[in-house]
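To start, the structure itself, in structure tokens.
So that you can tell them apart, the chains are marked A, B, C, D, E and F in the order they are listed, and the count of residues begins at 1 in each.
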Amino acid sequence: MSVQEFREFRERLNQRILSADNLSIKRFFALDTQAYNDGALDTPTKELLGLVASLVLRCDDCITYHLTRCVEEGIGDAQLFDTFSVGLVVGGSIVIPHLRRAVETLDELRALAQDDAENSR
Amino acid sequence: MSVQEFREFRERLNQRILSADNLSIKRFFALDTQAYNDGALDTPTKELLGLVASLVLRCDDCITYHLTRCVEEGIGDAQLFDTFSVGLVVGGSIVIPHLRRAVETLDELRALAQDDAENSR
Amino acid sequence: MSVQEFREFRERLNQRILSADNLSIKRFFALDTQAYNDGALDTPTKELLGLVASLVLRCDDCITYHLTRCVEEGIGDAQLFDTFSVGLVVGGSIVIPHLRRAVETLDELRALAQDDAENSR
Amino acid sequence: MSVQEFREFRERLNQRILSADNLSIKRFFALDTQAYNDGALDTPTKELLGLVASLVLRCDDCITYHLTRCVEEGIGDAQLFDTFSVGLVVGGSIVIPHLRRAVETLDELRALAQDDAENSR
Amino acid sequence: MSVQEFREFRERLNQRILSADNLSIKRFFALDTQAYNDGALDTPTKELLGLVASLVLRCDDCITYHLTRCVEEGIGDAQLFDTFSVGLVVGGSIVIPHLRRAVETLDELRALAQDDAENSR
Amino acid sequence: MSVQEFREFRERLNQRILSADNLSIKRFFALDTQAYNDGALDTPTKELLGLVASLVLRCDDCITYHLTRCVEEGIGDAQLFDTFSVGLVVGGSIVIPHLRRAVETLDELRALAQDDAENSR
């Protein structure tokens, strides 16, 4: 699934889920957004925390989401690979398949950003 | 993978696995069926337990299987979303990608049931 | 740790955590309480869902908490063992050590309830 | 908890659980014993499989049980540390605290075996 | 994804990851290879350990990798199904979907080996 | 177990493990230390990553270790509670028992630091 397909699926299903009007689910979704707002730690640091947590819990979609946000926040590849390395050592070799997909997603995000930059000139 | 494709894959591979004639595996498969029979708790409640356990353990195929069984047992959407909400709060935001796929599967199951109802008139 | 020691530790640390005044944490704690309120599913059923989720995720303190709530809600041993059986089949033999501690806790909760009943005559 | 205390707790609670007469739980316990019988793989190899699975799933009691069985089957320390090393690389640094307790348990088991040998002279 | 597609993806992304020149990641990859070398346990036994660990941790790509290595090491189906049975009993019914994919992969690997044998006559 | 008891147990068992002279285990331990060195991310940020990964993987000893390191690196309580909040939202209510023990450990570490400061006047 491409990053763009993931975004559309995520957006469509989130709306479907919220339309079910289950109060606990709605509050959880609100809380999930709020948790990454600037606080004692700034948003970029919190997104790195979300990324490493997603990596060790081996959740590909969560990794794609946080990688997207990290790129939006301007975090560089060296910082992302340092985050990957902590996740790899903590979580072990079962993290590697998710790391492969994460790096492929990262390369796709960088290519999309370059396309956008070229189109906006 | 559609619900129908999942059913065919599941059926085909279960037969392949059982044909290997490994006694422990065969007994486990028998036990896995028996565990959801009516007992002190009725089958629908046990299927909800199987569903929430599958959700927090983030096993998409298990979720599809138990959702199918829940729909067969006549459980309504409001009950299913309440089950989802418990799974979400217990298991956290890493459950969300599995919840998205669960809700898409649920909508597919409801559409299949409506098709069946219309065809049987 | 006895059930009574767990309750005191839980109460004391929950207050300490909430005193830190972290908004996301406070909202999560509120949501965690609300998720088990009567809804499309009643509270006893939701507590069984919380119990089986805790069992397959192998969280002893969560099991103790939900067992306590199940006993308060009047759920009988046969229903609880049916819940245990689903958790065991879904989660496998690594659940067994947690099942042992769960059953010991259940017996302790039943003994405490009997003491209370005798004292209140 | 010493190895001896673990054995007594395990034995006592297993009997308590089986006395509840829940058919699925009883069948699971029987299956759990049978799965390590000699088959295409011999019992020592299966116990090493049980040990590494317990290690990566980070279940201390399961590790203690399988270590006890491995020692009974005559498996040497070098083989056990090789098993630990696979578990460590697959499961990552979160396995380390369980590895520490495993090695302490192994040393206790070796000391108990030496005491037994000396007493039986 | 076929076994061949997996191999190509794995090879391509491993090279991409190593090209990032992150020292911890490079050392982890080296260690991950070395851990399965002959030692006190021989490579086939270590590969079975890697397989069962991958199964209970429910990592499909890891299972495909270790199954490939087990077939290369000449391990037979009966030994592999015994390994599956230990993984199933330890890890529970949530392992079943991964077992299905493992058995499909195993059949594919056996078919590829037979093709190779026929082509080399 | 107090922080001091944990440190002594950790130190003693780490030495025991390394004395077994298993090459893979020794390399893993070296890598585990190296992964938190200053790099593209500084050590304090990497320790926060290690802390949140330990929290969502629910490893109490790992949490104690990384909390100790975070305190040594001068990270304040507000930053630590922000890290806790991300771990809680990502990992769900099963993280709460580990959060309770983490906060108790943090308070113990702050008290130890104050004792040290008073003693060194």
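Keep this in mind: contacts are C-beta pairs under 8 Å (C-beta built on N, C-alpha and C of every residue); 3 or more make two chains touch, one makes a residue touch a chain.
Quantities reported herein were computed from a predicted structural model and do not represent experimental measurements.
Student: State which chains count as neighbours of subunit D and simultaneously of subunit E.
Tutor: Touching subunit D as well as subunit E, we find A, B, C, F.
Student: If I rank C-E and B-E by number of C-beta contact pairs, which comes first?
Tutor: If we tally the contacting C-beta pairs, B-E comes out ahead.
Student: Have a look at where subunit A meets subunit B and say same if over half of the interface residue numbers show up on both copies, different if under half do.
Tutor: Counting shared over all numbers used gives less than one half: different.
Student: Between subunit A and subunit F, two copies of one chain sequence, what rotation angle (nearest 5 degrees) aligns their Cα atoms?
Tutor: 180
Student: As a quick test, compute the distance in whole Å between the mean CA positions of subunit A and subunit C.
Tutor: 33
Student: In whole angstrom, how far does the Cα centroid of subunit B sit from the Cα centroid of subunit F?
Tutor: 39
Student: Need the CA-centroid distance for the pair subunit C / subunit F, whole Å please.
Tutor: 28
Student: Where in subunit F do residues touch two or more of the other chains?
Tutor: 24, 28, 31-32, 35, 39, 53-54, 56-57, 62, 81-82, 85-86, 88-91, 93-94
Student: Think of each chain as a node with edges to the chains it touches; is that a line, ring, star, complete or other?
Tutor: Shape = complete; every chain linked to every other.
Student: For the complex, give me every residue of subunit F touching subunit A.
Tutor: Against subunit A, the touching part of subunit F is residues 31-32, 35-36, 39-41, 45-46, 48-50, 52-57, 62, 76, 78-79, 81-83, 85-87, 89-91.
Student: Subunit F touches which residues of subunit E in the complex?
Tutor: 22-24, 27-28, 31, 34-35
Student: For a test of understanding, state which residues of subunit D touch subunit C in their complex under the given definition.
Tutor: Listed in rising order, the residues are 9-10, 13-14, 16-17, 20, 22, 24-25, 28-29, 32, 53-54, 57, 59-62.
Student: Taking the complex as given, what residues does subunit A use to touch subunit E?
Tutor: 58, 77-78, 81-82, 84-86, 88-89, 93-94, 96-97, 99-101, 103-104, 107
Student: Spell out the residues on subunit F that touch subunit B in their complex, using ranges where they run on.
Tutor: 56, 88-95
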